[in-house]
Every structure is written in structure tokens, then in C-alpha cells.
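Every chain is named by a letter (A, B, C, D, E and F) in the order it is written, and numbering of its residues begins at 1.
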Amino acid sequence: MQPLSEDPTEKTVITFGEVMLRLSTVGHTRFTQAQQFVVNYAGAEANVAVSCSLFGLRAAHVTRFPDHDLGRAATQALARFGVDTRHIHYGDERLGLYFLENGSMQRSSRIIYDRFDSAFANIRPGEFDWDTILAGADWFHYTGITPAISQGAADELMKALEAARKAGVQISGDINYRRNLWQYGKSARDIMPELIALTDFVVAGQTDIENCCGITGRNYEEACQRMMKEFPAVRKIASTERTSVSSSHNRICGMLWNGKALLKSKEFDLTHIVDRIGAGDAFMAGLVFGFVTGRTDQDALEFAAAACAWKHSVDGDFNIGSVAEINALVQGENVGKLLR
Amino acid sequence: MQPLSEDPTEKTVITFGEVMLRLSTVGHTRFTQAQQFVVNYAGAEANVAVSCSLFGLRAAHVTRFPDHDLGRAATQALARFGVDTRHIHYGDERLGLYFLENGSMQRSSRIIYDRFDSAFANIRPGEFDWDTILAGADWFHYTGITPAISQGAADELMKALEAARKAGVQISGDINYRRNLWQYGKSARDIMPELIALTDFVVAGQTDIENCCGITGRNYEEACQRMMKEFPAVRKIASTERTSVSSSHNRICGMLWNGKALLKSKEFDLTHIVDRIGAGDAFMAGLVFGFVTGRTDQDALEFAAAACAWKHSVDGDFNIGSVAEINALVQGENVGKLLR
Amino acid sequence: MQPLSEDPTEKTVITFGEVMLRLSTVGHTRFTQAQQFVVNYAGAEANVAVSCSLFGLRAAHVTRFPDHDLGRAATQALARFGVDTRHIHYGDERLGLYFLENGSMQRSSRIIYDRFDSAFANIRPGEFDWDTILAGADWFHYTGITPAISQGAADELMKALEAARKAGVQISGDINYRRNLWQYGKSARDIMPELIALTDFVVAGQTDIENCCGITGRNYEEACQRMMKEFPAVRKIASTERTSVSSSHNRICGMLWNGKALLKSKEFDLTHIVDRIGAGDAFMAGLVFGFVTGRTDQDALEFAAAACAWKHSVDGDFNIGSVAEINALVQGENVGKLLR
Amino acid sequence: MQPLSEDPTEKTVITFGEVMLRLSTVGHTRFTQAQQFVVNYAGAEANVAVSCSLFGLRAAHVTRFPDHDLGRAATQALARFGVDTRHIHYGDERLGLYFLENGSMQRSSRIIYDRFDSAFANIRPGEFDWDTILAGADWFHYTGITPAISQGAADELMKALEAARKAGVQISGDINYRRNLWQYGKSARDIMPELIALTDFVVAGQTDIENCCGITGRNYEEACQRMMKEFPAVRKIASTERTSVSSSHNRICGMLWNGKALLKSKEFDLTHIVDRIGAGDAFMAGLVFGFVTGRTDQDALEFAAAACAWKHSVDGDFNIGSVAEINALVQGENVGKLLR
Amino acid sequence: MQPLSEDPTEKTVITFGEVMLRLSTVGHTRFTQAQQFVVNYAGAEANVAVSCSLFGLRAAHVTRFPDHDLGRAATQALARFGVDTRHIHYGDERLGLYFLENGSMQRSSRIIYDRFDSAFANIRPGEFDWDTILAGADWFHYTGITPAISQGAADELMKALEAARKAGVQISGDINYRRNLWQYGKSARDIMPELIALTDFVVAGQTDIENCCGITGRNYEEACQRMMKEFPAVRKIASTERTSVSSSHNRICGMLWNGKALLKSKEFDLTHIVDRIGAGDAFMAGLVFGFVTGRTDQDALEFAAAACAWKHSVDGDFNIGSVAEINALVQGENVGKLLR
Amino acid sequence: MQPLSEDPTEKTVITFGEVMLRLSTVGHTRFTQAQQFVVNYAGAEANVAVSCSLFGLRAAHVTRFPDHDLGRAATQALARFGVDTRHIHYGDERLGLYFLENGSMQRSSRIIYDRFDSAFANIRPGEFDWDTILAGADWFHYTGITPAISQGAADELMKALEAARKAGVQISGDINYRRNLWQYGKSARDIMPELIALTDFVVAGQTDIENCCGITGRNYEEACQRMMKEFPAVRKIASTERTSVSSSHNRICGMLWNGKALLKSKEFDLTHIVDRIGAGDAFMAGLVFGFVTGRTDQDALEFAAAACAWKHSVDGDFNIGSVAEINALVQGENVGKLLR
């Protein structure tokens, strides 16, 4: 559906994870003032799929929705941006959701999650036929949110990783440690290491690394070195580094450890932030795009950091932006101009 | 807060039940088209409390909310209309919610419920101190939804009824049978009879009576007669009778069996319906107001039926209308006029 | 500005009266639910001017506004539709305003006026140079609202009528009796008769005639006959006749007594009413247009009644409709069709 | 994407035609009052594709868009509802558009077209590879709008029909005569007959038949008989019959001539109309669904008429409705009920 | 209604003053562009009451409203946030109102007041029973706006202060000098000194002190010293200090003279301002909360300054913020973070 | 209509150029996310006319619109702000339009033009009677956009300039080179020089000068000197100088070469930009106002630069601002204050 990308590739990315209904307050409204909630359907992995699709890759998302109109609407939200939705399953449970109060100035944004017992959480072992889904795929992406949701989701993710490994598909994992999840009896330390052991490319901050693997270091570089030692499959580790002046003003850059050097991207000064949710997923999609299309580490990192910065200017979780637009931002071209 | 009622009474009504976040589509939008959901906080019993408060009664609502800003917003939604919210408890669980797609023309309205495991459902036995809450009260109102939610809610309701009975408080129950609830192991037939046995005033249609008590009849009157025989505490049984031409056009009237005769109210032709949700609760509130202020059966019924009709013209679950306005509609005064 | 009318005339209409800020609730919202008010600037006489301008006549409105941005906005609201605003004066007082709650179904529309001590009410004697304003004009229109506002407004209106009479300008007056006004010490009976004595064309219902002139009759025709007897200058008397089934459903037709016969127009069945405010002014403008362009009494009446019916489909006080559109409605052409 | 249909079929429908940007006024607003236009992307043939997709068929739409973000948005609007957009081409010209003023009451809806020189009008001969597109398809649908747009569009449509015929694909054509188009030098009478000669199933009213083929009759049945005689390929001819009480109130039914009898569907009384645009396309999609899934003529006609009625309750051109919902309306089940 | 405050106190605050209807333009819209006005009900003293209630104090507001639905809506706006509205009186006059045009960038915000002859201005001597109202109260708060409105309001305020003094209730007064008020024949210098003489705690800038008491000084400290000398009841004087870079960017801090030292709070850099109206009242409420709960002067001042800063991020006049949120801002915790 | 300007002049400005329908996305929405487009009617020259009218000058705009309701709406948009619309012609073609995606942060604003074959482009030679239009006028303004649209527009503009010259009317031209226009066979270099030769006052940046006249220079001053040498009629050349930090943050100042010196205005730091479209026209209107009312070069430039800065805070193309407001900004008074 995106034949318009300047350089569409024939590469295929598969993502797997929960998609939730995001209900966000309008403008600067607080929860207790809300007369309406804005509707978005989003999830960390699906956000990556949408962005990859808009970058010209083939992307398919695998998930499970309730068998009612909110599930259908969620599917349509992905299909709209060209994501292949054929592998989505439908069942009887609820759609996970979260409420978002947009912060302003010194006031922080707040999220109230309401995602337990969702259709995704109730995935039964063997629900998806991964060999079929992954046939012909180039890349598989997951996050650390999925195994934190339920035993079924964790088990299914492990099956997916094994199938991907077997099929020679590259695997990326965004560790994304969430303290509030992991309520089904397992901890991140119980599960994450065996998933990471099958992963080629990890996105994780230093605290993620500590929380999920128990690996520490005097700095990010040392933590990465130790992680690679423990997980020989891992070839690259990346992260964003964010400074919050206020809810309306952040600074962000990207870092990547490729086993030899800690690369750093240009830093972006993000004043007048529109919507920061999904910026990490935009970074992730930028990396996937960069690597799957054969960019150098530094180029992929610069592209990913610019994608991350760009996302802050777009409403919703999805990073509506093209390769041409992100490239221009990498080059510093047309920034803030009026393009006629 | 409503010192403006033409005839404020000193009577006090206590209601008990779940309040949910209602998320409704805008205008005629379908679920899959929704960009925004309109926010209301409502529940069958709370709707009665709000309407009673606007009629000049003292009203207090008892419920349990999650201890976060959506719970606070729900409390504020009741407090705004003068309902006493001091007895509301707060805990750690989620807020029940439901999604509403407004029907139009031949297309029906649809509701998707998402209310399991709510803060209300997790009421623990003895959570509320009913003797204190009911001190000085004149009326207690419940619906058949509450015992359908969880064992805890059913138990707590029984405690409330026993306390009310002991304190000489009048009790009304709107049977309101909901097939989709009753999922915790008990059926309506298991629980409802012992609640009805303590109830003075019942609102129930013929199928409600059958579903909850196993009582049938050749017609409504016969069913009522048999119900009264089986439940000697019950003194009056009422119901609305609705004819649906389309989602935009209904006809409605009220019926009341007082042990001697089946009274019928004027019928209202409801074209151009704005929002029918809560119309039954508006009818209920009209009856409570009528009886607690000493109207005759026929007058109370006419007032309740007019309140029910009026509700169809008001957005949201709450019946925003005053005694003067409902009285005028009973009299057929000013209908459709421009009042300067 | 309306060179597009199929048959623009060179006739000029002058109107005089207060323009208020109308603050109306959105959709079916009640006053106590209102989060926003929709802004319109309107007044009975200015509504006539706007409609005449859209019918291709030259129209100028004379009024007085406060000297701040709301006054400027009111002027702009008239200028936008081609009304000549050169004669508007500006002073230090407030802008009169009114709040409108749109009725629905059996629930009536409600207006809360807040118009005392406005810039218009504070017109000082001799404020306007009527000889200049009326030079070259063909028609002058006023309503009974103006003399009800203040002594200054009543005096200025009398000056205008005398100047119009002197200049041979046709005069129309819409009696429009408002019980809530007339608070400055005079009653309608004190003032209206001397204004009517200078009027060629009167719009008044039977109760208006009684309230303002003390003239009664067994029916409208008799009241008109007696009125003409008492006021020999009056040559025609017209009125609309409205039946309110509900706020959403009215029926309306026009009547005109021309001294010989009581003419009746086609009746319009108005279901799904959008906005009835200003419908009387639309009727008035239809009559002015009909007479100033030389239509027969029956034709002018049919045009005016159709204009009145049309207005019910248009948001706001102004009747946005062209001569071609109103003519088509008179002919029953294209009613409810999709015009491509 | 619609695995949820109760009975998804493996049938594939291909549609071909222009998709325009529809800019409609909000609510009852007139063009000259519009502060905002609501955005929809729609076209007669694409509307059929979307509805077929929501009915569980595989549907692909073929068209040509400008190579900018409005073209991309139009593609996404189709993809969202599961329509296959792989065959869409992109070029340098503009996107056709139309402005819609929603009528109300006696006031008609109005459309201002602005569609000349669009990317679709500039289709070059041989632009699409019809053999590939039609491979495996079961049905091809076009309308009489396409050949009216430009010579290129007319030529390409002929190529498509020839390819479909060759491939044994069923062909439906909705004649849909538009007086304002046909501006490139050819008339409907020049072009339509040769297209109809290749068509199995025609939707056309009596005036369409006369305008496009010069065939008249004393009634619809006679016109259909004569048409079939002249065009032996045509096996069925259908039409809707609409009575307009007002813009808010129509009555509609369907008719179908199958060579033997003139079948009539149930008539629907459509009060409180939400949006009638696309109702004819909803009827068409109902017929396609009915025939491709093997319903009887009468059943297909009832389904199509109910689909057409249902569309009036849905905002936008697309008929958002499922087979289950339309079936229920055919059966008269749940009409106007509140479905929990 | 705020049992959720981390540390609810049993302290009670009484406020007295006018509540107006605030009509503000949407977003960056200018008055002459406004299609809608956003509705808020607010007043300097009621703003303090609402904020105190949200901080967990008991708060009651005393005022007078017109006896129509706008008065009721104003009452409900206070009740919603837990403010006790039992002491509000209702009468026949209008509701004061003000129009707000939100400034942006270098363009200033503008207010047009329309508050004369309001229900509050027409308070009659002895209207309120202060002994009953103040029974059990800990704090009474007023502003210099009330005595500027009318002689009746000034007299009633004096009665309130005398009753408070008698009852041993702490008194705070925010001088808040308004040049445009004071139109009933008295000046601030005539009235304010006798009110200040009964006040324990004063909020006033240096120009307020000069305008109301004729007291000058080389700097704020000196002016405070002289004021305390002249008004021995006054124990503390505080003020905010605001630097306006633009409408979107201010800097603010708080100062407090406690008779011994001039304390200063942290300064906040306020970029991306959402709504600055009511920030002074938020500061005031912070001080009331701080002192009534026994914080030290410096702690109370820091809390108040942070409350003031926080308010700039919240739409409307009310400071929607909890003690926990303000405390976190004082500590610099979580500023601009995404709180999950 | 603007008798409220502090110093209304009797000067008359005539502008000539296309007015388009601007369709802009809401808030930060991208084109592909747009559910609605905001409606504005605007054009470079008409923007100048509106601003001049709001500054108290008499302004008339000359253009050509399609003869349908969008043309009428465009006329009304100008008339609303007091612009004389009597000279506007109407014909059969379309209204030019453009789509605007508001940029945010590092993301640029984007415009998609759709203006070919408009009613304006189809101006026929001699369409307007310039002698009549210019009678009594003081100033005529055009831009380099008009001759770029079509041969007819270019020819008509030349006729206007000749008539203005003959009538002794001052002429200003804003060169405004647009690469995407000039598609009818002529280039800017073919046409612009003969227009500039008749122009007194030119607004042009250095690249405009090069693109339209082939004149280069080491800096702006030298380019201006050479331009004046080649075009002796030109007496002053001005331009704005913009630095884009991001879409939300620019810096701007004005420059003016008066034949002797290159004057520079104060620079404005424009954070939190609301809408930059039309800022150049606001600058132009400021210069016209300054010169026609006899300000010095430096004063006119400061006023124009402040007008340009002010525009960035106003939604839409029109610079809603008064002389008093712009003067205050020149003086640095009240910047960012709350004006009660």
C-alpha cells in the first residue's frame, strides 16, 4: 500500500504483541475534566509494524482481539496503514485498554492501565502457526511487554522465537521493562534471559538490563559488554537517552553498542512536544528499517534517532512519517520550513 | 444544592450500586468509525439518586471505586448534582465500563460491557456500615444488577436490605434482569427471591418476574397478583411498556399494580429520540419521588411516566429535569414551545 | 455582495433594532450540561436585514454597539452577509445577550435573556441622523421589541418613523409583544399605538393586537378589521400560525389580511426541526421582499411562508436562503432531493 | 481482515472507478456557514468494494491517485476496511473532490463537484494489466460514471470488460447517468451501449435506460424487457425506488427484473435520515453479495434493499454494516432495540 | 469527597465572593473569530475553595446566584469538586460574566467584564447568617474584589469579618486591586483599610498596598514592614512575582514577609503556558493549606508557589491538582516524566 | 465598518489577486490523519486588503469567483472584515484551493496546491473596468503570484498597473516568486520586469530579485541598489528576514532599502507559533498602512515588522489586529500581559 516510498524494499517484518485501545484526554485536559477521550489503537510492537509499513517494508502484525466491533476497529487501524492483518485471531475476551492524560509544562503525563484478562492475555499455547507466519520473513520483532502479560503470551513468544531462529529470521527485542506487569507469578528475571538468548538485536537501557538480566555496569558501555558476553547471540544493543526539561520540552539522542564501539547520534532539542507516546517504538522501527536495508550502524542509528525525534510531532502512537522525511531530518534539511 | 425546587422535601433516599464509565460514540458514529468517545459516569441506581436530588430530595449513593482519577471523576460526576458521596469507598481495582454505539433509524443501539473485576465487584463482606448510612433515611433503592455482579455485591446488598428493614426504611427494587451478568456461579433464581421478599416496591416487567422468580401469568396483571401472593412484603409493582418503531421513534407508557387495580399512564409518542439510556431509571426516580412525597398511585405513575419520556430528550444517563418541568409535561403544558 | 441573485433589485431596506450575542447550547445539551456555547449575533430586525440582503436587496442596519471586540464582531456578522453597517454607532456599555437551550422532543426550548443596560438601550435622543440614513430608501422596518427596551430606544424609533413617513418610505412593523421587556415605566399600550399609527404594514398575531392595542375580535379576521379601522395608515396585517407537536415537529402557515380577504398560504409540516429561532423574521423578510418587488398579496404570502418554513432547517437566527431556493419550495420542487 | 463474518466466502470482487475526496459540511451547516469540512474518501465503485469486504468477500479496488499525501490517505481509507489496494496507480495530477451540503427537512442536499483533470481522468490507455488483476476473480463491477469522466477512462473500462469477459468473470454495471459529466466530446449514448453489451447484471432506473440506450417503455418492466432484447448478455436489471418526503424522511424499496418477473422488496420508511450518499452503492453491494453467494433473486433483492435502507443510518459514503446486521433487518429483528 | 488525599485534614475553610460565568475563546481564537465560547464558572474566592477541597480540606463557598439554570450550573460546578454549597442564596438578577480571549506569543490575553448588577452585587445587608456559617470553621478567606462590587457586598463582607474575628477564625484577604471596579461611589482607600485591620494574613503586591492603603516603600520588604505597623492584626504578607516573556512564557516565584524576614520560593520557568487565569488563587489556596495544616513559613511558601506554577498547566480557573502532585513539584520529582 | 480605529484614515487601497479556499488540518494532525479540514478563504493580496481594512483604511478587493456557494462564501469572508466586494466578478469555473498541513517542532508545514483552471485563472482580457475601480484610490497592491497564474491574469494585471499609473495611484508589488506556478508558457523573467517597471514600492527578497529580474548582488543592499538602477520607478524595496529554529520557533525582522540606507527593524523571537501563513502579507499591509498614513521609513518598517510578528499568533491567513495593538507591540508594551 506504500508503493510511494522512494525505495520500497521487498523485506518483510513480523511483529507480535498486544494492541490496546488508548483513550486519551483532549488537549491539556486532566482525567477529572475529561468530557471526551480520543481513540487510538496501539501497542509497542504494532507501532513498529505500522512505522515499518510506512517506510516501505512489508509488515504483518500477529495478535489476538476480542470478537466484537472494538476488536474489528483495532484490526482496521492497522490495516489502514498497510499492515498485514491476516494472522490476527479473535476470541471472546475484552480488549486491553489504557487511559492517557497528556501532561503539559511541569505537569507529567499519566497513564492508567486497564489491560488484565484481555483477549491477548488469554492466548492459548500453540494458538499461532509460526512456521507459516514466518515463511519468507526477514525480521521478527518482540518486546519485553508480551512475556510480562501472561504465561500464555510468554510461552507463545518463546515458540515464535524458536521458529524464527529455525527459519533464519533476524530477531529484535525491545526489553521495555514494566514494573506493573509481571503479575502472573513469574518475574522478568525468570523469563527474559531465555528470550534474550535467542535475540540478535536488543534495545535496552541500563536499568532494563539490570532488571531483566541482573547485569550491571559502571556505565552503559560496560553493561552492554557484559550482556553480550552472557548472551552471545546478541550482536547489537541500542537505547535512546532522554532528558526531560518539562512535559513540553525534552532532549533526545540514540546510542548503539555494536560490540566494538558505543556510537552516539545527533541530539534533538524537542520543544513544543505534541505526543511522546510511541517515540521508543519509532526509534525501534528506524533501527529495523536501517538494518534490514543494509545501512551502516551509524547511519541506522542516526535514522532511528531522527525517527524518534519526528514522532514527538505526531499525534497518536503511530509514527506517521516517510523515509524521505526522516532522511531530511537526519540531514537537517527543511527543518521548520513551509514546504509548498 | 437544589434549594430551587418548588417544593423541596426533607426526605432522604439512599441508593447502592455500581457506577461505570460510559464511553459512547459521537452522534451517529459506529464503533468502528469512532475517533472519540463521550465520557459519562453512570449506573442504574446512581441515575436514580441524581434524579431524586434534582427533584429536591436528599440523595446519597453508596458504591466502591478504584483509587485513581477515574474513580475520583466518577465521584465528582455524582457530587455535581448534589448527591452525597461521603459513603463511597475506594480500592485498588478497575472501574467497570461500557461502550455505547448510538443507534439511528432502523439500526439498533449496541452496548459492549467491560465490567468484570471492577472495584465494585470486589466488595468485601461487611464493607459498608449500613446502620450509619441508613440512619434517618426514608427510602432505600437497589436493582437486580447488583446481586448479578459478584457474591460480595449480592451479600452486601442483603445486609443493606436487612438493615433497611430493621430501620423502617422503605425499599424499592428494580429487577432489571441481565442475562449477561450472573457469571459468578449463582443464578437470578438463586438470589433474587430472598431480596424481593424484603422489598416494598418492585419495578419489573413480566419477563423479569419470570426470570427472577419463576412466576408466570397470562398477562402482566396476573403475574403481579401471583408475585404479591408469593412475596407478601411487596405492595406495588410497576413497569414501563415500550414500543420500538425505530431507534429514533418509540412509544412509552407506565403501568402500576397496587394490589387492586392495574393503573396505566398516558402514552408518550417519542419521535426524534436523543438518548434512551437511563429512561427506566428516570421512571424509577419518578416513582420514588411520587411515593416519598405522598402522591396518589395514579399521580405518581403519571409523574414517573412523564419523567421517563422526558429522559429521552436528554444526553447522558442522568435525567436532567426538575419537578416543575415534569409536572408541566404531565399536564401537557408548553410542550415544544419556546419559553422565553 | 449578492450579485448572484437571479433578479437583484435596486431597492433599499433600512432596519433598526438591537443586535444581541446569542449563546446557545450545543446539540441537545441542557444549560446545566453546557461545556460550550455557540456564538451568534442576532436580533429580530437585523435578521430581516440579512435575509433581505441575501434576497438581493440593499439592506442597511442601524443599531448601537459597545466599543469593544464583541461589538466589532457583531458588526462583522452583519457585514459578512452584505448588510451595510456604516450607520452603526459605538459607545461604552455592554452588549445585550441571551442564552438559548435548544429543546428536543417534548422538552421545550428555553431562553434566558440578559439584555438590560445594553449599548442599544442607552441610545440618547437624536443619536441617529435619520434623514441621511433614509435618503433613497424604499422600506423601513422595526419591531415592537425596540420601544420595549428603553425610553431612549422608543423615542429614537418614533423619530425614525416620522422621518420615514416624511421621506415617503414604506414602513413595516412586527409587533412581537414581549411580556418580559417594558420595564422602564411604560407599557406596550402606552407606546405601540402611536407607532402603529405611522405603519403601513403590520405583522401581528391576535394576542399581539390585543396586548398592544387593546383590540379584540372573535377571530383573527375581525381583529384585523378593527385594527385597520383604528389605524387607517395600516394597509395589510399578516401573521404566521404555528402548531407545536413537539420541539422537533411543528406545522406552520402564513395568513394575510389585506383589507378585503384573509389569505392563507400553504401549510408546511416541519419535522426534524433544526433551529426555529428567527423563523418569524424570515417570514417578515419574505413579505418585505415580496412587496418591495411588486408581488401579489398571495404570491408574497406564499413566498414569506416558504421562507419561514425554510428557516427551520438553518442553524442560527439568520435565514440563509436565496430567492431561487425559496421559490422552489413554494413550487414544491426538489424538496428533499439530492441536487448535484 | 473480516474473518468475523458469520459466513466468509472465498469469492473475489474487483471494482474500478474514481475515488474522490468528499468534503461535507458539519451537521446542518450550509456551505456559506461552513467553518470545517468533514473528510471522506469515496466513489461509487469503491463504496461497493468496501461494503463487499465488510460482507466477508475479498474485494480489490483499481484506481489512480495523485502521488501525494491525499492520494495516500485515499488508499488508506480503502485499506482500512480490508480492500486490496495493490493495484492502485499513482501519478502527478490532482485528486478529484466534491463538496456536500447536508440537507435538512424541506431543504435539499447539494453537491458541488470539482473533479475535472484528476489523476483518474488522466488514465492512459493500457495503464492497468487487467489479465493479472482479474486472475481468480469472480465478479467485476463498474458504473456509468467512469466512461463519463474522460476518453482514457472509457477506453480503460472497455479493456477491463473485455478481459473480464475473456476470463469468465461476472460483470455488473450501475448505469448511474450523470448529466454534468460527459464533457470530453462523447455522450452516454455514444459509449454506454457497447459497455452494456458486455454486462451480465445492470442496475438502472427507467430514465437511466432512456438516457444511455434510448430505450423507453410504458413502465419499468417494459423498459427492462426491451433492454434485455437489445442486450442479450444482460440477465438481470435492478433499481431502487425512492420517495422523498423531505431530506430527513424518504421511503425506499428495490425492484429486480430477472427476465421473467418484476420482483419487489419490502419498502422501508426512512425517517431521521443520517446520510443518504452511497445508498445506491449499498444496494449494489447487497446484490453482488447476494448473487455471488448464490441467494435466490428475491432473497438477494431483499438483502440489497435492506442494505440500502441500513446505509441511511451511517455517516459517510461507506455502508458500515455486517451480513448479520443486514439479515436481521431483512427479518425485522431487533429494529430500534437496545442490544446489550 | 476527597477521602483520597494522602493526609486529609479536618480543617474547614469558608470563602465568600462572586462566581461568574467565564466565556473563553477556543484555542488561540480571537474574540472576533469566536464561533464558540468555552464555559467555566469561576471567581477568585471560589477558586480558592475548590483548590482547598482538592487538597483535602473541607471547604464551603458563600455567594448569591440568579434563580435560573445558569445559577444552578454555577452551583454544580462548585459542588462537583466537593465544595459545600448549602449556604448559597438565589435571587432574581443576572449572573455576572466575563469574556476571555487567550493570548498567544507576544499577543496578550484580554478580558471583557460584564458583571454589573449581578445577583451577587445585589446582596442585601444581613443576607447571610455568618454565625451559623462560620460555626466550627478554621479559616475565612476574602478578596478585595468583593468590596469593590457594591456597597451591599462590602457591608456583608465586613459583617463576615466581624463574625469570623468573634469566632476566632483565621482570616486571609487577597487585596487584588481592580481599577475597573469600585464604581458605586466608594474607593479602595475608603473601604480596604478597615477590612485589612481585621485580617491575619494578607496577599498583596507592592502596588496593591499603595492603591488600597496609601502605603509605599523603597521595596516590597519596606512596604510590608510599614503595612504591619499600621495594621497590627496582620501577621504575614505574601505575593507572587511574575515576569512575562510572552503570553506563552512567564517566570514566577512567591515571596512572604513574616514580620522578620522576606522569604523567597524557588522560581519556576513556565514555558508553553496553558491557562494562567486563577494562578494567583492557586497560590492563595496553597498558602491557606500550608498554614492551616501547620507547615513552616518556608514550606508553605514553596507549596504555594508550586501550586501557582502547576495551575498554569491546567485549563480553566480551578487548580486541579492534589497535595501529592504539588509536593512532587516542590521536590522537583517526576517533572515532565511519563507516569505509568 | 471599522470606525473604531483610533485614527481612521480616508485613504483607499485596492488589491487584486486570487482568493483560494484554504483547507487546513486541525491542530497537529497530518494529512493522512485528517478527519476534518478547517475552512479559510485567503490569498496574498486579499490578506493585505483585510489587514488594511482592520487598520482603518478603506480597502476593496478585485477578483473572480465561481458562481456557486463557495464563491459566495469567499466573498462573505472578505466582506465580514469590511473589505469592499462590489468589484468581484463571478463565472462558471472552480475555486482554486490549497491544503495545509500545520507543521510542529522539527516537522515542516506542507502545502498541496490545487489551483489550476480556477475562475480567477480564466479572467478574460478587459474583464475589469480599472478606471472606475481605481477612481479616488490612493494605493494599488499586487503580487507576483497573479501573473504566474495565467496569461489572462498577467494581462489584466498589466492593465491595472497602467490605469493606476495614469490615475496617480501609488503601486506596491510583492514579488513572491513561486516556482510551481508559471506553467502557462511564460516565465517570471518574461513578465515581471515590465510590471516592476511600473511599481513604486517593491517587497522582494534577494532570491526573488534574482529569479524575477536576473539581478544579483553580494548582499541584499547591493541587489536593491542594482534593482533601483534598472527600475527607476521603484523607490523603496523591503523584505522580511526569517530564521527557522523549528516549525514552532522562528525569529523575524524587517529590512527596507529606501535608496539611501538599509534600515532594519527590531527582531522578534517567535516561540509557540500559532499560524505563520500570511505573515508576509501582514508585513506588506503594515508597510502600506505606514506609507499611506505618512509614517517615516523607520516607523513604517517597525510597524510592518511588528504586524508580521503579531500575525504568527493569529489563526488563519488574515492578520486580525488593530493599529493600537501593533503600535503597542512596537513599543514593547503589554507583551504577554493579561489585559482586563
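Here is the rule we use: a contact is a pair of C-beta atoms (placed from the backbone, for glycine too) under 8 Å apart; a residue touches a chain by one contact, two chains touch by 3 or more.
On a predicted model such as this, the values are computed, not experimentally measured, just so you know.
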Joint neighbours (chain B and chain E) are A, C
Neighbours of chain E that also touch chain A are B, F
Relative to chain A, the most remote chain by C-alpha centroid is chain C
Given that chain B and chain C share one sequence, their CA atoms superpose after a rotation (degrees, nearest 5) of 120
Interface of copies chain E and chain F: same or different residues on the two sides (over or under half shared)? different
Relative to chain D, the most remote chain by C-alpha centroid is chain E
Distance between the CA centroids of chain B and chain F (whole Å) is 62
When centres are defined as mean Cα positions, the distance from chain C to chain F in whole Å is 40
Expressed in whole Å, how far the mean CA point of chain A lies from that of chain F is 46
In chain C, the residues touching two or more other chains are 30, 32, 35, 72, 76, 110, 271-272
Listing every touching pair of chains gives A-B, A-D, A-E, A-F, B-C, B-D, B-E, C-D, C-E, C-F, D-F, E-F
Per the touch rule, the chain F residues reaching chain C in their complex are 1-4, 67, 71-72, 75-77, 79-82, 85-86, 88, 90
Residue set of chain A touching chain B in the complex reads 23, 26, 30-32, 34-39, 68-70, 72-73, 76, 94-95, 99, 101, 110, 112, 114, 116-117
Note: in the complex, chain E contacts chain A through residues 268, 270-275, 309-310, 312-316, 320-321, 325, 329, 334-340
Chain B residues touching chain D in their complex are 27-30, 32-33, 103-111, 113, 178, 180, 244-250, 271-272, 276-277
